[in-house]
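Here the structure comes first, spelled out in structure tokens, and everything after it is commentary.
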Amino acid sequence: MIVTFGEIMMRLAPTGYLRLNQTSQLEMTFGGGEANVAVSLANYNKNARFVTGLPDNDIGLACIGQLRKWNVDTSEIIVNPGRMGIYYCEKGASQRPSKVIYDRAGSAFAKLKSSDFDWSKILKGAKWFHFTGITPALSDGIADATLEACRQAEQMNIPVSCDLNYRKKLWSKEKANKVMSGLMPYVDVLIANEEDANDVFGIKAGNTDVTAGKLCFESYRDVAKQIDDRFGIKKIAVTLRESVSASNNLWSAMLYDNGDLYSSKKYNIQIVDRVGGGDSFAAGLIYGITEGYDCQRALEFATAASCLKHSIEGDFNDVSVSEVEALANGDGSGRVQR
Amino acid sequence: MIVTFGEIMMRLAPTGYLRLNQTSQLEMTFGGGEANVAVSLANYNKNARFVTGLPDNDIGLACIGQLRKWNVDTSEIIVNPGRMGIYYCEKGASQRPSKVIYDRAGSAFAKLKSSDFDWSKILKGAKWFHFTGITPALSDGIADATLEACRQAEQMNIPVSCDLNYRKKLWSKEKANKVMSGLMPYVDVLIANEEDANDVFGIKAGNTDVTAGKLCFESYRDVAKQIDDRFGIKKIAVTLRESVSASNNLWSAMLYDNGDLYSSKKYNIQIVDRVGGGDSFAAGLIYGITEGYDCQRALEFATAASCLKHSIEGDFNDVSVSEVEALANGDGSGRVQR
Amino acid sequence: MIVTFGEIMMRLAPTGYLRLNQTSQLEMTFGGGEANVAVSLANYNKNARFVTGLPDNDIGLACIGQLRKWNVDTSEIIVNPGRMGIYYCEKGASQRPSKVIYDRAGSAFAKLKSSDFDWSKILKGAKWFHFTGITPALSDGIADATLEACRQAEQMNIPVSCDLNYRKKLWSKEKANKVMSGLMPYVDVLIANEEDANDVFGIKAGNTDVTAGKLCFESYRDVAKQIDDRFGIKKIAVTLRESVSASNNLWSAMLYDNGDLYSSKKYNIQIVDRVGGGDSFAAGLIYGITEGYDCQRALEFATAASCLKHSIEGDFNDVSVSEVEALANGDGSGRVQR
Amino acid sequence: MIVTFGEIMMRLAPTGYLRLNQTSQLEMTFGGGEANVAVSLANYNKNARFVTGLPDNDIGLACIGQLRKWNVDTSEIIVNPGRMGIYYCEKGASQRPSKVIYDRAGSAFAKLKSSDFDWSKILKGAKWFHFTGITPALSDGIADATLEACRQAEQMNIPVSCDLNYRKKLWSKEKANKVMSGLMPYVDVLIANEEDANDVFGIKAGNTDVTAGKLCFESYRDVAKQIDDRFGIKKIAVTLRESVSASNNLWSAMLYDNGDLYSSKKYNIQIVDRVGGGDSFAAGLIYGITEGYDCQRALEFATAASCLKHSIEGDFNDVSVSEVEALANGDGSGRVQR
Amino acid sequence: MIVTFGEIMMRLAPTGYLRLNQTSQLEMTFGGGEANVAVSLANYNKNARFVTGLPDNDIGLACIGQLRKWNVDTSEIIVNPGRMGIYYCEKGASQRPSKVIYDRAGSAFAKLKSSDFDWSKILKGAKWFHFTGITPALSDGIADATLEACRQAEQMNIPVSCDLNYRKKLWSKEKANKVMSGLMPYVDVLIANEEDANDVFGIKAGNTDVTAGKLCFESYRDVAKQIDDRFGIKKIAVTLRESVSASNNLWSAMLYDNGDLYSSKKYNIQIVDRVGGGDSFAAGLIYGITEGYDCQRALEFATAASCLKHSIEGDFNDVSVSEVEALANGDGSGRVQR
Amino acid sequence: MIVTFGEIMMRLAPTGYLRLNQTSQLEMTFGGGEANVAVSLANYNKNARFVTGLPDNDIGLACIGQLRKWNVDTSEIIVNPGRMGIYYCEKGASQRPSKVIYDRAGSAFAKLKSSDFDWSKILKGAKWFHFTGITPALSDGIADATLEACRQAEQMNIPVSCDLNYRKKLWSKEKANKVMSGLMPYVDVLIANEEDANDVFGIKAGNTDVTAGKLCFESYRDVAKQIDDRFGIKKIAVTLRESVSASNNLWSAMLYDNGDLYSSKKYNIQIVDRVGGGDSFAAGLIYGITEGYDCQRALEFATAASCLKHSIEGDFNDVSVSEVEALANGDGSGRVQR
């Protein structure tokens, strides 16, 4: 069993490329970093438990129903008073970026306290624990709970992965640095893009001008090395997104493993929906590692999985292991499968 | 110009008779008691100003755009940080009731303080001021602002109407009693159904068993008389809903005017959407009174307007004066207009 | 083969009970009195030819495609420059009437002249010719063509039916009287409701107050008798709509046959879409007569067919002979057919 | 745990009241007698296991996902080669009946043999077993499996319920009689409407003319008594549907209990979707009995539950225990719940 | 008149890029190789007759209605008991391939026997006969009927074209080889892509690695030459698809004519829907040949037609001759046509 | 305040890439050259007044409501009898061009006469006046009104801009030349693409083969110089569209300013909807000039604004100043904005 811990929100999105001001029809789905990872892993036939808090109303119950549909273990979700966080998502195209508006304050999850979670019970039988940098940013209570979960995981010898994922609207760089630095000692596998490493830890990749979509591949080893030196994390993965436009990205990834650096294939992607791309990479990496793949194979699996995510609507990466393997093994031609 | 003051929310509703757990398609519109009144009056070609607070993001701006579309004066809406209140609305049918779930805590409007409103400016040129019992229930700041608005209206000789509208999820009966009792002395026209009068002021209509859809008409004069006696309000209107089922209601109204009691026609309604029915009555009554209609005619206009609302989707009553008059004058046959 | 002659328009309708001002989604179908009759007859496996003019563009071609789908013979449709008439249709509910807005001026059909039609070719093999009072109202050219068609039908011994259908926005009562009076001598079967008989010929049914939905059955024999006396039409049918509301009508019909009067069952209808109700009656009557049914059976067939039309979306009555017969024979219980 | 056994099909339905020939948009849901019962019970927070066979493709997996969403235990579903049964469902209105077209031959379920099911494992921990007369009608293999399940249930002292549900397109009356008569000795609770009792067992209720929507209540005791006499079934329930039209039914039920006869309230229903009405009654009855309700209360619960089903789209009855209880306890006024 | 013979299926597809597991909305259209060819030819104003079997229910009738809409001659379609084949179609994007799930076993068409078809009547007046390799794969009865059709065509001097189209889920390579080899002697124009030639006849193009989207143009002459040598087919066409991704293909074609080889322009296509691309090529080629175009012009017409198909939703290629000619003549700029 | 003058039409478009013949669902929005400019400017928080004529029915009122929603000043719109112009818009893809069908004859606007407009009142307080070459093409009355507006603007020292926009279906080149030549002396800023300059004034850019999507940049200075020489217009802008396909265009622009020539960045656009691209450029240019931007900055703003328009559905360019500035300043990477 793999356990992930974080917030899941209602996602409200206009159909197609309409903007919020142009439509009265919204598509309601659900998503959030750690939920997305759990769903991916369940799609890969892993036993995946998602731990969160949800409101005690029909909205919260509908969300649990969706997670169950995707085969996620919802038995440790805490249903309590409060609201469900929402994010509005306009899909960008060409030179117009996608735009996300968050309305997540005061969620049933953020209101929970560390004492609401019994980690020894939650993690019983777990083979992996995963969270993102968004989770501890939500509230002090949740930050405490995250730390407690990490401690318990360490005691139970459960490997821990973290996707750094800095959200500037949730907390300051200073606070992020402080809290995340306290969590890093428990982390075995870190996923961090170049901006987040800089924003949270002040660790900087040289010569990258992300806005222009240009990425300097060579500097990433430095970033990973610095993180390893500071926190003793031996596996650090980075996804490399080259944004040609909102419709077209180049996508690849690198995996640092105790000093060695592995590089994936690079995919030229026509984007359907890029939200959740990083989460699908994290899930692919966790899958590969827990399946005992070697570094290169795990990296290629994760990159192919997240490449496919860009062709899937919604946060959840609705693809199977065999579909990911087919792409990782080289078939990206998109020929019809009959 | 008629000024209304209150909260407007995003309304998210599944299409048709689907429940929230059955769909991923939500219809996004906007609505709220006082906004509904303003839209009705604008549809009757009245100059209608709606005063509220809205969040400083694309959601708030989309809402303002909709109000402008309906010809409402949005010039005094305060755009400030915060979120927009939401309500989810499942449409009932037959024996299954409609169900509303509120997610309105922490709204940009509720966060405003009395000092944020300059009522002498807002009410300049106003011929009427309207609010509902929901507005002061939202926060102490808004309750203060409501009182200040009433005081200013009195100073400027602007008539004030109030729809009592008790919401038990927003405040206790005790608090409602205290706050509303402080506002009543400024109110010239009160709209109150039988439950609200009891919940807020402990004024009780005899022998009414509302769940069973049976209403005892005779007792309403007592209720109105008691309100008049306590607060000196000379015009008190009540709508009389006999709920046969979620699909079928009987609808009529009564108007107490300084001791006299007027009774409207009764309509047998096949319901399309009953949310906002009371607001459309309030708007019709304000229209009738400001147009100088006599009591019976004003009451019939208001009742016909609100009867038609039940055939209109959404909170806003998309009908014209001529459509209301046609029904008030007796044509409810629904024959095609070519 | 049965030939019908008239205009077909694009019908644009908001979904459900939305008004035009509330939606940006329109349902595009096609409809018009004589086209509706042709489709009904094709659904009854009659060879039905519809004669009209349509614009020489993708809109006109799409309309022809739809007629073909419904198995209507489109071989004599004239494709010429011009536009396609449009009507916007808001569906009413309860006390709110349905509302139709026409935008049909300058249509490709109305621009045609009598000489554009070769009636001896068009009517070759025909067993019936049908038109409505809307057709000659569209333009003088089309009025001439209608007269020419009637003359040719008479020469070829083809029975002619006409649905009087007065449209006050198309022509004055005076002009209607003049033109229709010239056509009546060729008509063998007339369908006319009480208002149209009065509007066009000044023939009045006593004591009917149609707005109030009250109909005085007894007076209809007088109306038919007067028409027979004036024009020598031996079969005259009337549909009797009692409008309880836009959602609920009572529906029955009467058939005058050379002095005798037949009365149909009366149906209590929950309305889905009442547009085309009269046309479906006309088609049912033509079907019954051409099948050699006796008067009572033909009337019951026509009434049952048009009753069912009220449960069908759009102008076209998508029901089969066996479905009509089942209702005419008494099964209106609506039990599921498996 | 309650176990149900039967086929689940894909349900394809046009939106609203459109007919299949009028639309290209189909709503895909899933449904089938025993699946519907399982979902209802899961909605009442019962542990409900549904046993069936589903095809080994994305359609079958999507169906399992939906069942999981509704909290049904899918652990004993057999995934095997074959297709998924489909039924097309046109919603009727007013005098036009709903119409169902089945395309279920050769389903993955029907292909299964008795030996594919290990009933001692499937029924382990079960407190109830339920099937309908459709299940053994699907194939001889499934008929054998049903008999085996009943035998195993008897051995394990698990009560068995059966909804007689005769489908003439699946088997002849003779075969139904033979197979069902073999199953009846294991049945503790039988649900049978008047037509089915006659079609399957030749047991006839006197003077009922179902087409005309008239039901003779008095004769039902005879029917139940005859069944009891023949098969020794002590609890026999009948639902009483009076079809006013496809839009409006009267709905009540009776429960025969060892000679005593209980009668429920009668509901006047405006129909949203009546498919699955009988299944929701069965589920309500099972719920009531397993909760230890007395006969009257169990009957009222079942009747209220199935009344509410008529207001819910799709096969599955998306209502909670508290919603059913509210109606059973007398609140059918449909007033908005806030 | 051009006659095509084969199966038409219901096509059920989620909207946009959704997967089957993500949606409950399916778009229902119809399609199948030979039906697609007939529709294309009808769109080019050719008299096109499509011969098939369809079920005797509303689904079959709806399909016939659609064919009529597209102006296809449906007079020789056999309506008989059975079901309609279905295929589910998920649209791929970028690296994710489109996915087709067939549910076509036991169709009304596959159940037909050779003796059900009177080919001398069906082919009377025909100028061309077309089928694909899917048709004889459906059942032995249909394989016999295909052979009989070919024999009759030869007797009547009607040219025959065949699109080889191997479907491994329908039959083995061995059986395909045997049956198709028996049909080839009657074929005048063969369309075969490189994989099919290999799968069915073991005729292999050198050095093509289709998965990688790389195509070796030079080897195609060999393939065609081998086919010509074996079966004496003088005209053999191949479409050349270079799959960059599911969203982007390069598309061209070659035509072998008695030893000469013609090569078309190559199009860089942004794909809307690629299903039916090959059929639209076949139709374009038949059109060009029957219009007497020279080889190069016929090939360019066919390639342009099939290029445009990729921009059209559904199986049917909704384009006109003038649209195809405009592209074939060089205008692929996509500038707005007003 | 900026005043624009022209026609606004109803735009009816199938969803996605469907053709008119493939769908019954149309998206209804509104658009027209000068309305599009007004909406853009209102989106940039400019006070924008749109002057037109609209029919006196619910369609006209709905259009006014939409304009109000977009914050356009509708106070000088003339509501009069007549119809509303319509255009049908099929979205092209890849090699298939978008296709527009106009149905605008006899519009309420085209029927207006010069005397219907009081330009001294309409232009009071205006800082700019804008029209396109479509406006005077609609009718002689409107051509007169345009000339009158220009004269009044000159008297009031209001700068005038014109987008040449030749529509061959509205008038001949000869008439366009005559009328537009009479208007040019009042124009301060002209926008004209290369084809329009040639069609209307016979002024030709050398060596441009627009169909092939090849543009010869160098020749534009000649065109502008010739216009300047003939009419004394000092600012002339040209947009340069290189049509790779209907899905992909390169887009840039040039601005001639009294002999100097400024060239913008060139954007590689994946097209969502290109209708209104030119109008959004005009609005951007007017915005830049009225904000006092220098030529290069104004040009870059206009080009970025119109680049973004291609990613927005509908005629109206739903983007803000900050979004345009972000792109003009170099961020076209389309990274998600949170």
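Order of writing sets the chain letters: A, B, C, D, E and F. Residues in each chain are counted from 1.
We take it that a contact is a pair of C-beta atoms (placed from the backbone, for glycine too) under 8 Å apart; a residue touches a chain by one contact, two chains touch by 3 or more.
Just so we're clear, the structure is a prediction, and the values are computed from it rather than from any experiment.
Student: Looking only at C-beta pairs that count as contacts, which pair of chains has more of them, A-F or C-E?
Tutor: A-F
Student: Looking at CA centres, what chain is most distant from chain F?
Tutor: When every chain centre is compared against chain F, the largest gap points to D.
Student: Suppose a student superposes the Cα atoms of chain B on chain C; what rotation angle should they report, nearest 5 degrees?
Tutor: 120
Student: What's the distance between the Cα centroids of chain C and chain F, rounded to whole Å?
Tutor: The computed centroid separation for chain C versus chain F comes out at 45 Å.
Student: Centre to centre, by mean C-alpha position, how many angstrom separate chain D and chain F?
Tutor: Those two chain centres are 62 Å apart.
Student: Identify all positions of chain F at which a residue touches two or more other chains, and write them in rising order.
Tutor: Answer for chain F, listing residues that touch two or more other chains: 16, 19, 21, 24, 65, 99.
Student: Please give the residue numbers of chain F that touch chain E in the complex, ascending.
Tutor: Per the stated touch rule, the residues are 16-19, 21-22, 92-100, 102, 167, 169, 210-213, 243-248, 274-275.
Student: Across the complex, what residues on chain C touch chain D?
Tutor: 16, 267-272, 304, 307-308, 310-314, 318-319, 323, 327, 330-338
Student: With touch defined as at the start, can you tell me which chain E residues reach chain C in the complex?
Tutor: 65-66, 68-71
Student: Quick one: which bits of chain A touch chain B in the complex? Just the residue numbers, please.
Tutor: 12, 19-21, 23-29, 57-59, 61-62, 65, 83-84, 86, 88, 90, 99, 101, 103, 105-106
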